[in-house]
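Look for chain A in each of the two complexes below; its partner is chain B in the first and chain C in the second.
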Partner chain A sequence: MFLLDIVILLAAFFIIGLIRNPKLRTALITVASVLFVFYLQPLVPIRNFDYWFPFLTLSFTLLTWAFCARDPDLPIQANRDELALILFPMLIVALSRHTPFNTLFTASRPPALWLSLPAIAFLFILLTGSVQLLKKNLTVLYSVLITLLISLLVIIKMPCLALKASEFLRSISGQQIDSALASDIRWLGYSYIAFRLLSVVIDRKKGRKLFVSPGQFVSYVCFPPALAAGPIDRLDRFAKSLAGNFLASIPYDDAFQRLAIGAFKKFILADGLAFIALSQQNHAQFQSSCWTWSALIAYSLQIYFDFSGYTDIAIGLGLLVGIRLPENFNHPYLKPDIARFWNNWHMTLTQWIRSYVFNPLTRKLRSNKQRPLPQWLIVLLAQFVTMGLIGAWHGVTFNFLIWGAWHAFGLFIHQLYNDRMKDRLLALQQRPQIYQLYLLLSWLLTFLFVALGWVWFVLAEPGDAMAFYRMLLMGRIP
Partner chain B sequence: MLDIEEVLIDKIKNDVLDQPGRKLSSSDSLIRSGLIDSFHLVDLALMIEEVFHVKLEDWELNADYFDTIEDLAVLIKTRSN
Partner chain C sequence: MRRLLRILLKTLLILAILLAGYTPLQPEPMLGKISFYNGLFPGRERLPFGETPRTAYNFSLSNLNAMFSSHKISGAGKLVSEEIRVVVLGDSSTWGTLLKPEETLAGQLDGKIIELNGTEQTLQVFNLGYPTLSLSKDLLLLNRAMEYQPDLILWPLTMESFPIDKQLATALVADNLKELSTTFQKASISPQWFESEKGTESWWSRSLFSQRRALWDLIRLQLYGFLWAGTGIDQDYPQDYPKPTIDFQADDTFHSISGVYPDELMAWDVLEAGLKTAGDTPILFINEPMLISNGENSDIRYNFYYPVEAYDYWHREFLNRCKSNQWHCQDYWDILPNIVFTNSAIHYNLEGAVVLSEKLMETIPKLLEQ
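Entry: the complex of A and B
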């Protein structure tokens, strides 16, 4: 999101927050969610896909609602008004093609009406038809939805598949495929949207029932402040706010304080640090070990201020309409061990992965009483699978997988150390001064471990990362 | 409720943390303090299921749902009823 986008969102949410009637405010949040999905989508080099990606986001969201979050005892007509609140703005965006404001909602002119209108009509027919499907066994359908959402995520995150997808989409759009790039597939917020949708489908598949209206569901999945960079809220938590339980009064002081802190972190600190921080462009230019370390520390701080700044802005914007989004960072760099770092870094993503991957996997491995696995092996497997997935979520490339494995190894060693040393550490706590020194050294070690891990995160080529490590340790090699 | 808390304290000290000598009270933070890490949190859930026959779902194993033994006792009591 650019500064202008944030200012426009701020103005829109400030006005919506002034509405005191909860139903009207909820309705306006729904409309804003639909329109901002289109508005925030950046320009895509594939023709009309800055319209089609948001269209697909809303289609997947509505279909997931129809199959998983809809009360099956209520006919779809019971939600007619709210569905109109979603489909009508989609129609407005499509029709804006033939107005002087044809790039007001989308980065480029929306597609021809003979394409966009049948697509909206088809979505409506699918939603209506879903009632019949709901009467049948849906387990297969849930599995299909899960597979589809994950497959799209893999295509977007894996450069070779993204390139193939771009070539395919260019060919059906009548464009040259020679100029296709993996970066063409810029689907705004899909990583976050997919995880929100997946959590609902997986919960429903396991038998958890949570019924919300289509407006609440679209607002949950596409809430504009959290669209581009999270946090990933839970549906039950978010729905409570929207079901008329808004914060009693808008906490303007809190909201503007978070917005100011977020803007300062993002646009002053992070963007300032970017001048000296390690990057894909400058990694080979450092001449001394001192500058190399400075670049690494600067990057470690830059990524924190950038990401946590966005979260502050998202939380501040949410507060303006009376919705408190979950925190995503809790001073992660001040934590004395790697486990606590991960409990406080991108908290909503790690909590999601814990709920749907780590906990079920560990539970399964621990529950095998017939042939129990040794504890160290369970920890090793669970950490590598979990952190491998967190790495892959950032991109299915070798460097992100190594970054995930780096942290899995750290967490594995920490777990073994903690289990073996817990009695000694408990005894050490009785000697406060020595324990404080221990915590200080432990913090330093954790920060260094995390900072060194960022090298894999930034540099796409493992060879470049190894060369950078050599520079850190030995200075420039002639 | 106190019975549940006593059983929980005993089981957490002996089975989950494997630290019989540790002092633990009903109001101590278990998750936010880092006392129980994510790995042993699953052990805690399995123990509760075995002892109290109450299911803790995977998405509930975090400090938003419970953080102290008091919270856990209320959760168990509510679900047992």
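Entry: the complex of A and C
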């Protein structure tokens, strides 16, 4: 999101927040969510896909709602008004092609009406037809939906598959395949959208029922402030606000304070640090390890200020319409161990992974009573799978997987250390000065561990990362 | 909400004060003197210039204070007795397009030892070239360079820097007309072509709003100092680049004029101003090397820049003026073989810089002994 996008969102949400009637405010949030999905989508080199990606986002969202979050006792007509609130803005965006404002909602002119209108009509038919399906066993359908959402995520995150996808989409758009790039698949916020949708489908598959209206569901999945960089809220929490339980009064002071802090972090600190931070371009250019360390620390701070700045902005914007989004960062770099770092870094993602991967996996591994696995192996496996997934969520590349493994290893060692040293640490707490020194050293070690881990995150190839480590530790390699 | 309104009002008030105070105070040039270079970061080997800052860690700006504050000449301090301070002016061939700082002419000369009146002296050479072709730009930089009390000024130049229409076309000059005007005044020279161009700055151009980009450039220059310091990179080095053309159409025009280019359209008076600005410090004018093509129509054109007839006339005129005015001049226009030219008819490689520096090492001691 650019500064201008944030200003436009701020203006829109400020106006929506002024509306006292909860139903009207909810309706406007729904409309804003639909329109901003299109508006915030950046330009895509594949023809019309800056329309089709948001269209697919909304389609998946509505279909997930229809199969997982709609009240089966209510006929689809009961949601007619809210569906209109979603489909009508989609129609407006499609029709804007033939107005002078044909790039108002989308980065380029929307596709021809003979393509966009049937697509909207088809979506409507699917939604209506879903009522019949709901009466049958949906376990298979949920599995298909989960597979589809994960497959798309893998395609987007895996450069070789993204390239193939770009070639395919270019071929059906009548564009040259030769110019296809993996980076063409710029689907705004899909990583977050997929996780929100997956949580709902998985919960539903497990038999958990949480029924919300389509407007509430679209607002939850596509809430504009949280679209590009989270946080990943939980449906039940978010839906409560939209069901009329907005904050009693808009906390403007808090909202603008968060917005100001977020903008300062993102546009001053993070963007300033970007000039000096480690990057794929400069990693091999440093001439001494002093500058190399500085660039690495600058990157560690840049990524934090960038990400947490966006979260502050998202929370501030949410407050403007009376919705309190969950916190995503709680001073992670000040924590004295890697476990606490991960409990305070991108908290909503780690909570999601803990709920849907780590806990079920640990339970599964422990459930084998005939050939029980040792506790340390269970922890090791669970940590590696979980952190590997977090790595893969950023991109299915070797380096991201190593980054995940790096942290899994750190968490595993920390767990072993904690188990072994528990009594001694308790005893150490009785000597406050030494314990403070211990905490300081722990903090330094944790920060260094996290900072060194970022090398895998920033650099694309393992060879580059290894060369950079050599540079960090031994100075310039001839 | 009331607190918020108070903050908003205070913000607006501060903004109003800033806007009102900025225009009369014009702090931008002075702010350029605040620099991390020559302190936290080493000074730059050459003046800031570039169009691809993200890869070059360098970019063009027009604040002369900032440019010089970032240059290592600002951190050079006072000369010790065994050192001779030399500044090298000129265009992109001096600045060193495609060359690393140590590969440029200044880089090759820096640290060389010469014998003067029986004692050994080390040359402390500063590259003050700037990649645009204009004598006025050179004069502007020379005027600044004099603050650092050089013992010798090397001024490589080429015919393309002389036409009057080139003098103010450079952004660096256009943004520093006032300083150029002062320089001319100090030298008691008032070129006619400059009088008509001086103009005045509008209120709008002096406002904070209008100068926000220039202010941001000052911050950017400091930020890029980190990567300059860490990597020593200050320009983009492409893997491949187009070689200079050697085949030409039968075109004998120079700046749209066929045949000899009239003297009255050349800014010879800038050289006079330069000599007066330098005062007692000797200036060595160097007719810089260029590619002499041997391809199609090479009897009509020497290279992309120059038709034979116009260049030969200017060349004679340059040598005549050197002789009649007793200027120190060196004529190196044809000393380099074509193979050393890189991406332009005046950009030479390290080999070219070595040859040129060796030639100059023969001349510099004689000149300094005079």
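Heads up, the rule we're going with is that the second predicted complex is superposed on the first by the 478 of 478 C-alpha atoms of A that agree within 3 Å, B and C clash if a C-alpha of one lies under 4 Å from a C-alpha of the other, contacts with A are read in each partner's own complex, and residues count from 1 in each chain.
The criterion applied here is as follows: contacts are C-beta pairs under 8 Å (C-beta built on N, C-alpha and C of every residue); 3 or more make two chains touch, one makes a residue touch a chain.
Fair warning: this is a prediction, and the values are worked out from it, not measured in the lab.
**Q** Quick check on the superposition: with chain A as the shared anchor, is it clash or fit for chain B versus chain C?
**A** Taken together on chain A, chain C would fit alongside chain B, as the superposition shows.
**Q** Which partner does A:Phe286 contact after superposing on A: first (chain B), second (chain C), both, neither?
**A** Once the two structures are laid over each other on A, A:Phe286 reaches chain C alone.
**Q** To the nearest 10 degrees, give me the chain B-chain A-chain C angle using C-alpha centres.
**A** Spelled out: centre of chain A as vertex, angle of 130 degrees.
**Q** Give one of first, second, both or neither to describe whether A:Phe358 is in contact with chain B, with chain C, with both, or with none.
**A** first
**Q** Touch check for A:Phe256: first (chain B), second (chain C), both, or neither?
**A** A:Phe256 sits against chain C, while chain B stays out of touch.
**Q** Of the two partners chain B and chain C, which one touches more residues belonging to chain A?
**A** B
**Q** State whether A:Ser367 touches chain B only (first), chain C only (second), both chains, or neither.
**A** A:Ser367: touches chain B, not chain C.
**Q** State whether A:Ala295 touches chain B only (first), chain C only (second), both chains, or neither.
**A** second
**Q** After lining up the shared chain so the two structures overlap, which partner does A:Trp376 touch, if you call chain B first and chain C second: first, second, both or neither?
**A** neither
**Q** When the two structures are overlaid on chain A, which partner does A:Phe275 contact: first (chain B), second (chain C), both, or neither?
**A** second
**Q** Once the two structures sit on chain A together, report how near the CA atoms of chain B get to those of chain C, whole Å.
**A** Chain B and chain C, overlaid via chain A, are at closest 30 Å apart by C-alpha.
**Q** Considering the complex alone, what residue numbers of chain B touch chain A?
**A** For this pair, the touching residues of chain B are 17-19, 21-22, 34, 37-39, 41-43, 45-46, 57-59, 61-62, 64.
**Q** Within their complex, state which residues of chain A touch chain C.
**A** Residues of chain A touching chain C: 252-253, 256, 272, 275-276, 281-282, 285-288, 291-292, 294-295, 298.
**Q** Okay, in this complex, where on chain C does chain A touch?
**A** 1, 3-4, 7, 54-55, 220, 223-224, 226-227, 229-233
**Q** If you look only at chain A, which of its residues touch chain B in the complex?
**A** Answer in residue numbers: 199, 203, 208, 234, 237, 337, 339-340, 343, 351, 354-356, 358-360, 362-363, 366-367, 378-379, 382, 415, 418-419, 422-423, 426.
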